[in-house]
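Look for chain A in each of the two complexes below; its partner is chain B in the first and chain C in the second.
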Partner chain A sequence: MPNLLEVRDLSKRFTSAGGPFRKARSMHAVNGVSFDLPEGRVIGVVGESGCGKSTLARLILRLIEPSGGAVNFDGDNLLAKSPSQMRKLRARMQMVFQDPYSAIDPRYTLTRAVSEPFEVQNVTPKKPMAEEVADLLEMVGLNPGLAASYPHQISGGQKQRVGIARALALRPSLLVLDEPTASLDVSVQAQIIGLLEDLRTDLGLTYLFISHDLSLVKYFCDEILVMYLGRVVEALPETAAPARHPYTRTLMESTFEPDPKKRRLIAPLEGEVPSPFDLPPGCAFADRCPNASALCRTETPVLSTETGHAVACHHPI
Partner chain B sequence: MLSVRDLGVAFGAVQPLSGVSFAVGKGETLGIVGESGSGKSLTAMSVMGLLPLSGGRITGGKVEFDGQDLTKLSERAYRKLRGGRIGLITQNPMTSLDPLKKIGPQVDDVAKLHMGLSEQAARARTEEILGTLRIPEPALICERYPHQMSGGMKQRIVIAMALAADPDVLIADEPTTALDVTVQAQIIRLLDDLVKERDLALVLITHDMSVVAQTCDKVVVMYAGRAVEHGPVETIFDRPRHPYTQALIACIPRGLDEATRLTGIEGTVPTVVNYPSGCPFHPRCPRAEAICATDPPGFSVEGDSAAACHFAEVADAQPA
Partner chain C sequence: MNVSQMAIRSLDAFARMSIGRAFASGVGMVAGGFLILLVLVAIFAPWIAPFDYAAQNLMNANAAPGWPHLLGTDEFGRDVLSRVIHGARTSLSVSATAIAISMAAGMTLGAAAGYFGGFFERAVMTVVDLTWSFPDILIALIFVAIIGPGLTSTTFAIAIAYLAQFTRLTRAQIVRLKRETFIEATINLGAKPSHILLKHLMPNAIAPVIVVGMLAIGDGIVLEATLGFFGLGAQPPTPSWGAMMSSGTAQLFLSPWVIIFPGVAVAVTVIAVNLFGDELIRALDIRDRLRGA
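Up next is the complex of A and B:
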């Protein structure tokens, strides 16, 4: 399959303004991230809070302007596009947000929420709008009878379905899913994941799935990128590939199985996550890593991609 | 150590909790698990005697701690127990700490109040406890304010406060939900060690079946304010007999077992004002029949576990 999305060396540096009592500081929220997303595949980006995964999602859609790098979507270099060209392209690349409670205007009926993309993009649907909305609601497993309801009248899981219906309104080819189930109960999470699986097959969608939950990513995705403090530290070409980066290993050992026979021995983890404003030289994980050597504290390991299973570590497992 | 029997709670005319029973002994971890709105936190509040704060009252049942019935305790006597012999760890460490007060004095207060220690003795104790929680340089941490610390570190401080008066029972209400996975694993390990080293009775409230599988000895599954199944953790995961328990387990993605498709539970948790008649789970239950809508099921006991389902007897071994 051809690549739908190609991300090259994408970076974002945020700077906080200085003031009378503090110096201006800057941090690399996303640092040199590269990957290819072939059509029809699902890549998961996993990492803990502050690792830059949500920033990465926003950079790809240019909701935030990157500081450097390139994003190619279906052959178009997004960073060279004007705002109006970008707006047109966004019809084909949509995002589903983490918090369905704040992603939908509380004063909009579901009909208005789901038909808004047509307005914004100035697209006339093929069918009458009411039918189009009913189809979309049905597609995400909602009763079209809810069309006149307001967000406060429906549950969190139903709101997230509306979020998905809205993202699908203009029939995009790429969906960026930013922790779409993080604020939902497990039973509802499983429903939403099932829906996303079905939509992927039925509509031939390509997903970039952002999550902090490694077991969910392993279940749902084809490939996994593991991020730590702005960098991709490991790219697993398939979910069953054994972890080679000590951080990925730590993540896996911190994820429990729903089976008392598979209890894990949790090794105490030394040290704290360093401040992104004040990263130590060398590997950012060195202070918490059991395998760290002197080299790790001086030289930043690069992501080596020779074997197809890329890992940024001086002493991979 | 702590046993709850047939607990019922009402707020005015609504009855969000009824017939909840469990017991936890020294050196034992009991998990209370269910979706949001199932009454887990309310159970914790009832045990802590905090219901009057929000206008609720206990309508039936017993909460026995060390031989005395807590439901008959005066507020004055309760105050001695709370934070003293029964410690509480809440979900959000960000809101359990006073943002304007340094860490040291916040933890000191517990030992001063409950153990009558002097300023110096309390501080010595605080530093000792922080040390046992693997917090580096306790003396330095005592001088910090909450905003200067990470979420995981704050949760450790909240645990330190709960431990300061050397409790017999610890109630942890979603202690790791707001934390990153690696931090969650560390806190779980810490709680496990505490239960073993101090012979604590731990009640762990969570919505996460994989946390239950990892740490608990026994488990109570709650739905719509009722206990629907309880028993030893191995039995419950090996052979869940209540359809709700089976469904909860099937919701959790399992590592690499791709053959099993994740199945959600249709519908949503009912709210207090519209608890269904009969079995509260029947509108969402794949096995429901006519009787489920009319008759509340009793517990079907098998060995040391029990499930409140009309069809628990015929439940197939269905380890999701």
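Up next is the complex of A and C:
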């Protein structure tokens, strides 16, 4: 399969201007991230909160302007596009947001919310708009009778379905899912994940799935990128691959096992995540890593892709 | 469906609207009802007023309230009731026009400042805050000096006096709304800035601005009366509540009705506007959104 998305050395540095009474500060929210997303596959991005995974999603969709790197979407370099070219391209790359509660304008009925993509992109649907809206609602498992409702009249899970319907209205090829289930009840999470799986096969979608829930990512994705403080520290080519980075292993070992026979002691990570504003030299994980050596504290490990299972560690497992 | 059914339907729909809900409480109904009545009186003043507001009758000057001059006559023998009724026209139209101008300008400036941010925002807000630092009377005097005394000067003075309030409030709303996920989601659909601003930001920002506008009309009436009192507003013989009170000071003890009735008109109107404004805030549930602006 050809690559739908190619991300090369993508970086974002946020700076706050200094003044007479404060120092100028800058942080690397995303630092040199590269990966390929072939058509039809699902890549998961996992990491703790604050590791830059949501920023990465917004850089790829150019909702935030990157500081450096390249994003190629279906052969087009997104960063070279003018604002109006970019607006047209957005129809083909959509996003489902973490917080369904504020993802719909509170003054919009579901009909208006779901038909807005057509209005914005100046596209006339093949069917009459009311039918198109009903079809979209049905596609995401909502009763078309809800079309006249306002967001405050429906549940969080239903809101997230509306968010998915809006994202899919223009039949995009890429869907970025930014923790689409993080603010939902567990039972509703399962329904949304099921829906996303069905839609993927029915519409031939390509997903970039962002989550902090490793077990969910292992279930849902084909490949996994593990992020720590703005960098990809490990790229698992398949979900069953054993962890090579100590951080990934800790993440995998901190999931709860429902089977009592398989239960083991969970060893929580010691220490704090360093402040992204003043990262220590060397490996950002060194202070929390059981295997850290003197080398780890002086030299930043690079993501080596030689073995097909890339890991950024001086002492991989 | 016959006409009465349609009337009931539309009344019902109005009651369910947020603004309609402001009439639901006793206070809201009395204050709102009074304001509607006042607007009708102002519109139909020439037909309601029993006498010509400018007709002098020096033989009957300073007559006490009675028949046929229910609220008495002033120092030129003009009917006070007719002048108070026509004064409602002056007060309401000047105040409402001024606030409408101020709201339109303030919303445009505030929305642009909040949406675009950066240097533009700082420039706009500095200039707007500067207008706030001048006393209202001083701004009115500047206009009087440029275009002479009259209702136009009064209107512009009131409009500028309230510009900062509308600009700041609108800007605060826009800045808050800009961070909502639905704005990012709509940008991601490929929406132009004009679509974001006009279809999402402004409709969500407008409710508190309208309420503040409503309350500002009350203040505008007081300001118009103040300017009129100092002779900077309506020029004789145009009746204005403030100018009437000013001329009444000369015979405060001889014929107090000349100053009392326009004063009562100002007070009752402003109280009604404020009470109704409070009911609107409650009905629209926006008390917390009016803070920090």
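The working rule: the second predicted complex is superposed on the first by the 316 of 317 C-alpha atoms of A that agree within 3 Å, B and C clash if a C-alpha of one lies under 4 Å from a C-alpha of the other, contacts with A are read in each partner's own complex, and residues count from 1 in each chain.
Criterion: a contact is a pair of C-beta atoms (placed from the backbone, for glycine too) under 8 Å apart; a residue touches a chain by one contact, two chains touch by 3 or more.
None of the values given here were measured: they were computed from a predicted structure.
Visitor: Does the superposition put A:F285 against chain B (first), chain C (second), both, or neither?
Guide: neither
Visitor: Would you check which partner chain A:Y207 touches, where first means chain B only, second means chain C only, and both and neither mean what they say?
Guide: After superposing on A, A:Y207 lies clear of both chain B and chain C.
Visitor: In the overlaid three-chain picture, which partner chain does A:T255 touch, first (chain B) or second (chain C), both, or neither?
Guide: A:T255: touches chain B, not chain C.
Visitor: Which of the two, chain B or chain C, is in touch with more residues of chain A?
Guide: If we count touched residues of chain A for both partners, the winner is B.
Visitor: Have a look at where A:I193 lands relative to chain B and chain C in the superposition and call it first, second, both or neither.
Guide: first
Visitor: On the A-aligned overlay, A:D105 touches which partner chain: chain B = first, chain C = second, or both, or neither?
Guide: Once the two structures are laid over each other on A, A:D105 reaches chain C alone.
Visitor: Between chain B (first) and chain C (second), which, if any, makes contact with A:F35: first, second, both or neither?
Guide: neither
Visitor: I'd like to know which partner A:A91 touches here: chain B for first, chain C for second, both or neither.
Guide: second
Visitor: After overlaying the two complexes on chain A, where does the chain B footprint on chain A coincide with the chain C footprint?
Guide: none
Visitor: Please give the residue numbers of chain A that touch chain B in the complex, ascending.
Guide: Checking each residue of chain A against chain B gives 48-49, 155, 157, 185-194, 197, 212-216, 218-220, 239-240, 250-251, 253-264, 266, 268-269, 272-273.
Visitor: Which of the residues in chain B come into contact with chain A in the complex?
Guide: Residue positions touching the partner: 35-36, 134, 150, 152-153, 180-186, 188-189, 192, 207-211, 213-214, 233-234, 237, 247-256, 258, 261-266, 268-269.
Visitor: For chain A, which residues count as touching chain C in their complex?
Guide: Per the stated touch rule, the residues are 61, 63, 86-91, 94-95, 97-99, 102-107, 116-117, 120-121, 163, 166, 170.
Visitor: Name, in rising order, each residue of chain C that touches chain A in their complex.
Guide: Those in contact with chain A are residues 180-182, 184-192, 195, 200, 203-204.
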